[in-house]
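You will see two complexes here that share subunit A, one where it goes with subunit B and one where it goes with subunit C.
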Partner chain A sequence: MKRFITLFSILCLGCSLALFSSPTADQIMELVLETQSSSTSALDIKLTLIDRTGNTRERRLQTLSATQYGKTSTLTVFLSPESVRNTRFLSVEGTGGTTEQWIFLPSLKRIRKIAGTEEAGSFMGSDFSYNDMASTTYDTGQADHHLISEDGKSYTVESIPHEVKAYGKTLTIVDKETFLPLEVQFYEHDGKTILKILTTEAIETISDRPVSTIMVMKTHSSSHTTRLEILQARYDIPLPEGYFTTRFLETGRL
Partner chain B sequence: MKRIILITILLLATTALLFAFDIFADEEEPARKIYLQKETSLIIYRDKTLEPQLLLDISVDYNNEAYRAQTTLQIDVATSKLSAKHLSISIFRGNQILTTGWITHPWGSASLTHVVDVLNAQDLSGGIKDDLEAMKLPELMLSLTTYQERSSLDVVLKPGFRTTTLENTGRWSLIPAQFSSVTLDEEETMNLEKIGGGARYRIHTSPIDLGLLYFNGYWPQSGYTNITYDSTYAITGAETIHTRYQLIGFESSSLFGPLTLALEGGFFLSEDTDGSDPGLYNSKWAYLAELSYTHSASGTFLAVAYQGQYVLHFPSSPMDVDVLASNDGKAYANTLLAAAELKFFREKLACRVAGTYQLESTGYLILASATYALGDNLSFFLKTTWYGSIETKDSLYHTWDANDSLQIGLHAWF
Partner chain C sequence: MRRHIARSWIIIVVSLLISLICISSIGRLHIDSSTDAFIPKAHPVVTTNEKIEERFGSLDSVVVSLYAPHSILKEEYLEQLTSLTRQIEALDGVKQASSLANLKHMEPSSDGVAVVSLYDGDVGRIEERIASWPSFYEGTFISEDHQVLSILIQTTREYHATLLLANLREILLPLEGLEYSLLGLPAVTEEIERSLLSDLAILAPIVALLIVIVLYFFLRRVAAVLLSLVPLVFSSSLTLGIMAWTGITVTMATMLVPVLLLIVGSAYTIHIFSHFYQEYTGGNVEEILQKVVHTNTYPIIGAAATTAFAFLAQLSSPLGPFRTFGLLSFIGVVACAGSSLILLPALIRVVYQVRVPKPQRASKPHTMRLVRFALKLSNKWGKLTITLFLLMIIVVLPLSYMSLQEGTNMLAFFRPSSSLVKMNNRYNQAMQGSFSLSVMVTPPEGTATLSPEVLKTLERAVETIKEEPTVGGVQSILPFIKRMNQLLGPAEGAIVETVQDEPVFDFFSGPLSTEESTTNPTATKQLESGGKGSYEIPSDPTKYGLSTEEELSHLIAQYLLLYSSSLDSFIDDPLEPDSTLFTILLKESHTETLRLISTKLPTLFPSTWTVEIGGGEAVSLALTDLVTKSQIISLFSSLIAVWILVLFTLRSAKLATLALLPCLYALASVFLAMALFSIKLDIITSLIAALSIGIGVDYAIHLLSAFMRNKHSLEEILMTTGKAILANAASVAIGFSGLLFSRFLPIANLGLLFCIAMISASSAALLLLVALQVHLPKLFNTSRRKS
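This part shows the complex of A and B:
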């Protein structure tokens, strides 16, 4: 039902955009988020880290996410390389804006309660930060959006975050057909120096929705790149609550 | 025999696909997975002795809806020793997991050290490693864990127990030279008279993860009785005995800003309640506080801890086991610990350093290591260990002062 409402709202918005005028930057960025949102998701991800000489390293992880009453729980399991295999990370959003987080380290055989941090650092040595893994765009409450240009296929939107943390500015080129980001440029705090560029290399239709299945993030200063490939994806599927518990974190079993 | 085990395991093995959840696996998920890891290294001691080390770990994990069987065997080529590090069968039924086998079962909420992690004895026959879990001796155990939404109860039963492994001779011996020729009659500890058991109840709430513990069993360190002397009053023989005690303790973990505060503590009520038997360990209080910081995205870990104990009815006799096991002959013992793990070059290089300082004996231990990833499943490592003491007071660290070492090696997973 939720999917129908979402599709209906996208269609309505699409019609209104076509009938009247170009959408506003806020409307575009809301559609970008709407296109990528789901009540639940299960992703099987491969990260390939490529240094400037072409040497590669691979990381494999699977992540489950469920949003209920506006609260999101996320479970991430690291599968490779072997040194991090079966490391599990659980994040449960609670009431009052609090988020509880636990990590299970196989070497310690224990779960450890940890504090949430500003995750601007490199995720598993890749060019993605922890925040990038969650989302590469800002919603309207987080940033001021400006429509910079438009052509037959895409919109270019500048986003300046209200609170500058990792980036001073982003430029997002949005596909008019799918409302997925085709490219995102991330700028330093000065808003002028390019830090990283994210390019979408493949878009597929999964569960009747467009999904960016291959993305490449390049760090400008080091020429180091990370290719993120979604090997498998499931959206809006029933996910047992048992996945988002310290029991699953500790045992790996439902 | 080893070859047969190896061939059998390899024949049984299937290609291991990677799945964490049934959602992706469908019917493709292999029930049986095999993991191999090899470590080759050379240890150089301060006295210029060289010790090559070649370890092969073979792990097989069979997993289906009803049960899971896990096996980890280690072959130490240098000593021609085959050992079982883990052999278990777990049965899953509703919200309960019944596990039995040759296992380690961790209690305690801290990361650097523990005072309530009492279910497994330690192997001190090769010095102190930078991996507490790897130093534990697996034991025959049965555990039943019942999970509720935000709480769990695990009940553990041990039919007998293993004692702390110590070397009688050589560089890792903790026995004074004058006692090296003493004949010890070791007490049998693997029988039902030595049964032990306990339970832990844990609850995960928003402000605190709390566990309450009870254990009734034996202290893994030996005491001594029926000591015999020769005509010059030199000790010639003794029988080992072990102390039954009850532990009533707790473990907790809570957030303190960006830091995790872990607390462990408890009272060990000895069968020698008034401390009158010199061969048995007395009752004591034990406590631990640890502050740690984990940055999950970068893998950075920093921690400091303070650990201590206070022995009741502390005896004056130098032959009492409480005095022999004490630091500088004192009823109390307090230790400061600190550790850091940092990763560099996009996690290619991981550096770890940990230090322990025992306040009463002034003994210290420093462990440092650097691991460089040569590939996804191949790494080069360099480890160093320093034992010592600021003053010449008796302690484990002072006894092992000459055992400082540097280890260089390769670790591969395949």
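This part shows the complex of A and C:
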């Protein structure tokens, strides 16, 4: 039902935009977020880290996430490299903007609660930060969006966050057909120096929805790149709450 | 006559035009004051630094240190620190700014670990937190006495140093109740660049004034002095123009060229003018001028050739700026000699078309007395003189050379009273040190960098290095691993659960369960409190319920998974690093210490490991070695070049060898002075040897030529040639004494050493060669003389 409502609203908005005029930047970015959001998801992700000389390292992980009443719970299982295989991380968003986090260290067979982490830091040594892994665009409440240009295939939207944390500005090129970001440029705090560029290399339709299945993030200064591939994905599947508990984190049992 | 005048005007106008074009292009000059400009791009230390920077980020760092009269851990100061850190983080060229204000602190909590802001507005809590991990915070971010704070700024790889420093100063200006200083290589380089420019602005007029005084002393006419200056200005501006138009970078070596030419060239113009005055007794100016030019062409070209070729011998140096210096000086000296023989006569011709005013008579010069003294000494104490001079050459020269101290530490370029040196000393007393060596360690393929064996080896190496007295501290991955183990690891003696069936987590191997949990989903297991582990590198697998070291290295990787974003300056990958970097902080940067540590470091690791040493002080050490090598090569190249030229001039190998004796004596005096005054062999003072030979050999050539001419008695030779030698040496020495006013110690030292070299070379020519002529006349018998 939820999927139907989402699709219906996108279709309605899309039709009204096509019929009347160009959408506003806020409307475009809302659609971008809407297209990528889901009530639940299971993802199988491969990260390939490529340095300037072409040497590569691989990371593999699977995630389960569920969003209910605007609060997201995520369970991440690291599958490779071998040294961190089966390390598991649970993050449960609570009320008042707080997030509780637990880690399971397979070598010690122990769970530890972690209060507070560096969200702007690099995720597993990749060019993606923890924040980028969650989302590469801002919603209207987080940033001021401006439509910079438009051509037959895409919109270019500039987003200036209300509270500058990791980036001073982002420039998003949005595909008119799917409302997925084709490219995102991340700028330093000064808003002029480019920091990273995210490029979408492949879009596929999974569970009747368009999904960016291959994305490449390049850090401008080091030329280090990370290729993120979604190997498998399931969206809007029934996921009981038990998946997002320390019991499941430790035992794998609901 | 009219034809000569017209030609002279053409020469003057063309020369002036060239000078004007050259001077107007000064704005195009590119200045690089760093010692990095001297290091060949292909040098291993440059490659190592690039490799390190590629893996771990920029090695350039700026330190902002803040000083309070009492404890700095007060709300008013910490608020300023917070605001400063935030502003600095937002600056262009800053990759990361770290201070007590923005560091994350890890502490145990009742059910795990809390990652909190070290400073959350509560002064009492920050004191407690620092006290809980003093080995990490103290010496790096705050001094032990809590009176000094620092903000460590890691720059981006491509940044504009001057802009960043200017922005930092602007931010730091409104500080209240705190003093501040800016430290680090970019700050030192900037200060050198500023000093280099102000030095050029100060030294050129001082040297010019001294040259004017010397010229007036000899020429006694203001017009003659001004005319003599024209060829000097022409050749100096020509070299500046060549640098500007060809894009040659002005370094600490090449900046000396114009000043050097003013000094060296003055001897040539004095020659022309003095002879002109001497010859002119009235009558046709053109005839006299032609005669003067004709008689002086050979001596000036001869003198210029030896000087120019001794400079050109710098082409054999492994250091690029020295080669450029050699080539520019060569061109400059040739231009000096050429303009003295072409431009100066043209000027004389145009100015003195009608009448030549005679110079005012000088009072009886002291040089006469000196010449008589030399003659007396050579006759009466000749053998002793020879013995003493030879002792200096045979014994003192090698001994003093061997005792020379080397060093190219940029901070040592400044006088101890300078604010930069004072600031560094103050910081180094309170903190771990402002000089650094970066060491990248790579275990062999197949050995995990995060294995206990590697980390333990690293720990032992770090502990050994810390024992060196000048080492203030070592920054490495080790404290982080120990801290994580302390916070997340099992308590001492705690039983670690044995492995049960490890659940398989694969959300795609089958359908996910849709059944609700049988237990309360919100209930969480009672977890152990954190911080019970040991502050150590895990090395005993059984203590952790594991069976192999490999499993322990997995545990360490799991610890670091949480910390992955903060450790990129220590490991090149947060999970499976190939290399680890540690930084040795030094309170002083003596060559001996750097050499000792650099030699010791590889011995602290197994021979199969790769240990690469980089960072600012590694460049400094490599440069010191290159400077020493360059000095030896250019010294011998100059000696050989000069010997061949003298051989060509005097046509006698014996005389060519004798001509080198005053140069060798001058070198002995210079090296002895360096040893006595603790003057280090650096990028500037290393030039002295070759330059002394090039300029000093002229005295021997003049004297030996006079001996060979066999026309005059020894007394007459000393009264004419000897006097001229003294006059020349005095003028060059006075010119070089202007360098004593430099803000740079090496340049001031160069001025002092040059004075010593010129006095020594001239006195050795007048005393040793004359004594040899008196007591060992056979040495001077050549086929040419006999004929």
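We adopt the following convention: the second predicted complex is superposed on the first by the 253 of 254 C-alpha atoms of A that agree within 3 Å, B and C clash if a C-alpha of one lies under 4 Å from a C-alpha of the other, contacts with A are read in each partner's own complex, and residues count from 1 in each chain.
One rule holds for everything that comes next: a contact is a pair of C-beta atoms (placed from the backbone, for glycine too) under 8 Å apart; a residue touches a chain by one contact, two chains touch by 3 or more.
Fair warning: this is a prediction, and the values are worked out from it, not measured in the lab.
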Room on subunit A for both subunit B and subunit C (clash or fit): clash
First, second, both or neither for A:K153, with subunit B first and subunit C second: neither
Partner chain(s) touched by A:E58 [first = subunit B, second = subunit C, both, neither]: first
Which superposed partner A:T98 touches (first subunit B, second subunit C, both, neither): first
First (subunit B), second (subunit C), both or neither touched by A:L108: both
Contacts of A:F123 with subunit B and subunit C, given as first, second, both or neither: both
Contacts of A:K165 with subunit B and subunit C, given as first, second, both or neither: neither
Subunit C versus subunit B, contacts on subunit A by residue: C
Among 9-17, 99-107 or 315-323 on subunit B, the segment whose C-alpha atoms clash with subunit C after superposition: 99-107
Subunit A positions touched by subunit B in one structure and by subunit C in the second: 42, 44, 49, 57, 62, 64, 77, 79, 81-83, 103, 107-110, 112-115, 117, 120-125, 129-130, 232, 234, 237, 239, 243, 245-247, 251-254
Residue ranges of subunit B in contact with subunit A within the complex: 18-24, 35, 37, 68, 92, 95, 97, 104, 106, 108-109, 111, 131, 133, 147, 149-150, 152, 204, 206, 209, 253-255, 257-260, 292, 294-298, 343, 346-348, 373, 375-377, 379, 413
Residues of subunit A defined as touching subunit C within the complex: 42, 44, 49, 51-52, 57, 59, 62, 64, 77-79, 81-84, 86-88, 102-103, 105-118, 120-125, 129-130, 164, 188-190, 193, 221-222, 232, 234, 237-248, 250-254
Subunit A residues within the subunit B interface of the complex: 42, 44, 49, 57-58, 60, 62, 64, 77, 79-83, 89, 94, 98, 100-101, 103, 107-110, 112-115, 117, 119-126, 129-130, 224, 232, 234, 237, 239, 243, 245-247, 251-254
Touching residues on subunit C, where the partner in the complex is subunit A: 54, 57, 89-90, 92, 104, 109, 111-116, 156-158, 448, 450, 488-490, 496-497, 499-500, 502-508, 512-519, 521-525, 527-528, 530, 544-546, 551-555, 557-559, 561-562, 564-566, 568, 573-576
